[in-house]
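So that you can tell them apart, the chains are marked A, B, C and D in the order they are listed, and the count of residues begins at 1 in each.
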Amino acid sequence: MSSIYSGSIKISIFGESHSEAIGAVLDNIPAGEKIIFDEIIVQMQRRAPGYDGISTCRKEIDVPEIISGISNGYTTGAPICAVIKNNNACSEDYKSLEDLIRPGHSDYPAYVRYKGFNDKRGGGHLSGRLTACLTFCGAICRQILEQHGVIIGAHVYSIFDVFDKKFEGNLSDELLINLSRERFPVINFDKKEVMIEKILQAKKDGDSVGGIIECAIKNIPPGIGSPIFDGVENKISSLIFAIPAIKGIEFGAGFDATKMLGSQNNDPFVILDEKITTETNNHGGILGGISSGMPIIFRCAVKPTPSILKTQRTVNIKSKSVQKISITGRHDPCIVPRAVPVVESAAALAILDLFKEAGLL
Amino acid sequence: MSSIYSGSIKISIFGESHSEAIGAVLDNIPAGEKIIFDEIIVQMQRRAPGYDGISTCRKEIDVPEIISGISNGYTTGAPICAVIKNNNACSEDYKSLEDLIRPGHSDYPAYVRYKGFNDKRGGGHLSGRLTACLTFCGAICRQILEQHGVIIGAHVYSIFDVFDKKFEGNLSDELLINLSRERFPVINFDKKEVMIEKILQAKKDGDSVGGIIECAIKNIPPGIGSPIFDGVENKISSLIFAIPAIKGIEFGAGFDATKMLGSQNNDPFVILDEKITTETNNHGGILGGISSGMPIIFRCAVKPTPSILKTQRTVNIKSKSVQKISITGRHDPCIVPRAVPVVESAAALAILDLFKEAGLL
Amino acid sequence: MSSIYSGSIKISIFGESHSEAIGAVLDNIPAGEKIIFDEIIVQMQRRAPGYDGISTCRKEIDVPEIISGISNGYTTGAPICAVIKNNNACSEDYKSLEDLIRPGHSDYPAYVRYKGFNDKRGGGHLSGRLTACLTFCGAICRQILEQHGVIIGAHVYSIFDVFDKKFEGNLSDELLINLSRERFPVINFDKKEVMIEKILQAKKDGDSVGGIIECAIKNIPPGIGSPIFDGVENKISSLIFAIPAIKGIEFGAGFDATKMLGSQNNDPFVILDEKITTETNNHGGILGGISSGMPIIFRCAVKPTPSILKTQRTVNIKSKSVQKISITGRHDPCIVPRAVPVVESAAALAILDLFKEAGLL
Amino acid sequence: MSSIYSGSIKISIFGESHSEAIGAVLDNIPAGEKIIFDEIIVQMQRRAPGYDGISTCRKEIDVPEIISGISNGYTTGAPICAVIKNNNACSEDYKSLEDLIRPGHSDYPAYVRYKGFNDKRGGGHLSGRLTACLTFCGAICRQILEQHGVIIGAHVYSIFDVFDKKFEGNLSDELLINLSRERFPVINFDKKEVMIEKILQAKKDGDSVGGIIECAIKNIPPGIGSPIFDGVENKISSLIFAIPAIKGIEFGAGFDATKMLGSQNNDPFVILDEKITTETNNHGGILGGISSGMPIIFRCAVKPTPSILKTQRTVNIKSKSVQKISITGRHDPCIVPRAVPVVESAAALAILDLFKEAGLL
């Protein structure tokens, strides 16, 4: 019931949307790992509002202030803590909505869960803003993983009914590296324009859209992860669902595997460059919870942004009466592109955790 | 990297497919909870091979021997341990395959992970047989949850391309209770026959099929679960992926939500019987990781059984040469129906854990 | 290997002696608990240097800046994070010692543990300064416990060879409350002067002294804690050893029990005010890891401060030669009085954790 | 509140004194470790009643039945589970005492904790018998540690007022190895006879005695363990208090350090065989929670056996009246010698856990 992840690496996330600051502690990271601050900023910017050409919000980067655990560009072995000030430049007045529980938001369950004592402004601790903390932690973890050759990249696989190409088995490192630095990463550039049109149309209608993010993790050695509770899928999924808008995840062929015969879904083993590998990758790089050495591939569903201008029906929690609600302010009509670095970050956290458990760090 | 789940309730799963026995310890269960042994057997039978009219294997129920923690039908507060003997009645000779890594199985990653020391017979600790332990633990947890009014039921939502009806918002307790005792639970009985045909056809072809299981959990009070790492989705997904064949999970509208507008996906809040609830249930009973009071609904993808008679290509791990493999023996052409009680069990474990965390036990 | 405590309540401690700041996250604290900031300051001051009439260091209180989790004097249910700036007013130049490993300090093992990358200034993350974070967390926990009637108080039981009175079975709430607000708490005031003399003599000699702290926790209901791994003793001891200078702990009669016969050490059960209790309290309020309802009593040994002016022999870690070392600067000749609130805080954390586990919060 | 230890290695202990069996799961042990079953038996015998020349109980070894995780003498990487049948050969009739809570025992707190549902026969899950499970796990861990050169040995440092020699800094491997196979290990053999006399005298008087066990762990590399919550002292103490009769623990000079000056207690660093080490070992091999490379030394206090023939006063929990109690049956007048292998086992578990965390396995 806490915001602490306690695997082989540990993460503590704190802060509320309108408290003094938000931040994170990343703990049990080995000493002596080189961390480039600018690379953290690259990822923070990808998640920040106003950079994807969609959000109208004033551009403002969340610059994390590292207050411990990194010195002279290297990890000291002490917990890494960063604090991100809440300047609230993009915040609007939530006062008027105060007693109206926003549909698709956690206002109502949070009210019950915290007996009304939770900080309701901007969603408090349940705000999507807290994903900045995940992004910070992920930005550190991926730098460490890169030293081990691991590359993580994701793209916007779909927006509403517009689909990009899927990752194919034979992924190049270069493709992933490029994606991992883009603000609206797609494989097929032509589709990006159509996606943006969809988003702008939704915005015009006072509505919102969601989509699917596909993520790949390359150069994982075989033999990482464990059966039953500590498998690669358990780990990744439990961290991916830390992102508020995610409603589904699938690995490899995923749900499509249910429409395949065993003989189609099984990936034949072959020898390539004297190494054992599989010809296809329906298993998404994971068999029995353990990495196979093939790229780990997963897709996750991002629901349409719940904050919309369009009038909705809801309940006033004080008067217990049904009322109308229209959520004004500068809300993203689609958070999928901004969620891409967060998904990559959650993946980086999961993989670094598995590396640590496997004694590879 | 262990087979221990360490939430508010704790589970330790042990055993290998061909070791002396398999078993489980279920720990931190309150004292004084009434446990009916026959109800455990009902669930063990649903999972056991040979009961669904498909598997040809000799019928044999895994009867768990409870060696501590339950006395005179009540929990004593001490860890509940059960041991299930391995009689191997259904096992065939794995000797001939020994050096061939089976496609779709964990043979290869497990070989690397355990440096060749793992018990390879029948898949060892990675065998689907270990789900009997999950089912045992789940059968206890669901009895305790029932005392709190919670009902868990799942059905075979699809086999290959044949689909049952989906759960609708207004689920009756009766429907779920009935499903939770069936061996091949479906909502629309007509579809069951078509599904069985698909399975038998696959079998005839020396092939296999998978499908989707849909699970509902009713009568959860609002306010259970937490944002970020300890939400209902994190918990359920991390336990559902303890089942070897699962490759995807989605909550509520899930992946379909990505093709909806925000105004369609948001569930309007209404007052019903003086309680706050939602009109629809696209959110699957979970908002911001916290229960809303609506039924928790999720679906998970079961891949087609990897063991098939059909000839496949694979690699001999000793000689590193490509060879042909045909897996003989009595393998299920479809494990979806047998996986239903395991999915319900994983859900029961997750929910009891959340209840314990919330101080409701 | 982290600075995260992950029980039913969670604590993350971060910072280094000379980094930007130190701080803590206290997580999984229920919403709606009243927290008085001034009461936190009372405890922070007791731990701060320069307040006990011994330390010559400039008086300076560490005022924690609460950046989330408390709003309008009540916990919001979100993680409580506080940051304490490092002003370094009391720090001296560690440069000259840099390559000399200080006897009695963790310089050498930390150097190996962190491959030389640890922040060595002021002991870095291993500095006694980090106990300010424990004190902050404890100051919150004890306020919540007080709402449940639980009172925690400790005193300086000994300095070198000067001993205060021991706690006796029949402790008054008043005594404990008074002790818990004192800067040099003793039961027998006459002994305090003798203790201070001992300390000042050591200081004059360029030396240091240690002592024993005795702590009592009253009004714990019977039935809290568990046998084997999660008992009251396991919990308290594992948190007490978070305080750097502690080298031993004993509960109830402790080591003295080894010189008693069973018939002397066993505490007879009696009925008092219609409640079951024991006549004596050799068991220190804990039997089989579970609270008996009697006051929980423990004592812990604080070693003499390792930083002394007196010349000592040590090793230069770079040149690997034996050298002389004299540690100048304003070091406490005795940290026992300042450690009292830290010991109470560790006790408060342990007890709140046990209360949460027992479903009492 | 469970009997699961969840560090880098995991232990689940189950069973009740008079249930079908007791047992343990030892999880996250690497595959390919050689385990000699007879070495397990050596340790089980040291703990078993009737072997130390004191207990009159019928000799009977608890032979653990390994049901998974070890195959052909090597760990398979799967959880190691062992079951030890309860033959109850030494059990007497607890019926007559049923409603009388035994002084010094956990009967009363357990009754409250488990609402009367706990298995009261022989102390149920809180019985000292459960230390057989710790011994089993420890016997495996020490074999693995021996492969890394680590040697663990303990001796009976005192019985009542009779004291053996203390460990001195310069311990030989041979001494520790010899101690670790003895049933009544002492350094000074002359003292053993005097100790046995004390025990037999207590027995004759219908009384009991306790004592102190001193344990040494040699050949630990420097740099193992962490500051604050995951230090060597936190780890060892939290596992040592899993042994029911332990009431205190101290490391190195321990409580005696409080009567030393800083200049006496600080251990000067020196160079020996080109390695950095300390001349003396008041720090007990641990500085700031991290191993220094010197032997880890700790002592723990074992209280006198609470079960005595001598008449005591107690309470009848049903009638709430004060009554007399005399505990008949074959109880040990002193459990200190039998506790020695359990203490070594707890130490082995702690150290293997720290090795795993440090990536040394």
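Keep this in mind: a contact is a pair of C-beta atoms (placed from the backbone, for glycine too) under 8 Å apart; a residue touches a chain by one contact, two chains touch by 3 or more.
Small disclaimer: the values here were computed from a predicted structure and weren't measured.
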**Study point:** Least step count from chain B to chain C, where 1 means the two chains touch
**Key:** 1
Study note, to complete from the structure: When A-B and B-D are ranked by contacting C-beta pairs, first comes A-B
Review point. Copies chain C and chain D touch; is their interface built from the same residue numbers (over half shared) or different ones?
Key: same
Exercise for review: State, to the nearest whole Å, the distance from the C-alpha centre of chain B to the C-alpha centre of chain D.
Suggested key: 39
Exercise for review: Please work out the Cα centroid separation of chain A and chain B, and write it as a whole number of Å.
Suggested key: 26
Revision key, fill the gap. Two or more other chains are touched by the chain A residues 1-4, 13, 113, 125
Check your understanding: In their complex, what parts of chain C are in touch with chain A?
Key -> 1-4, 6, 10, 12-16, 19-23, 25, 27-28, 31-32, 65-69, 71, 74-81, 83, 113-119, 124-125
Revision key, fill the gap. Listed in rising order, chain A residues that touch chain D in their complex are 8, 359, 361
Review point. Which of the residues in chain B come into contact with chain A in the complex?
Key: 1-5, 11, 13, 101, 103-106, 108-110, 112-113, 123, 125-126, 130, 158, 160-161, 202, 205, 207-212, 221-231, 233-235, 237-239, 241-242, 244, 246-255, 257-271, 274, 276, 278-279, 283-284, 287-293, 301-308, 310, 312-315, 317, 320-322, 357-358
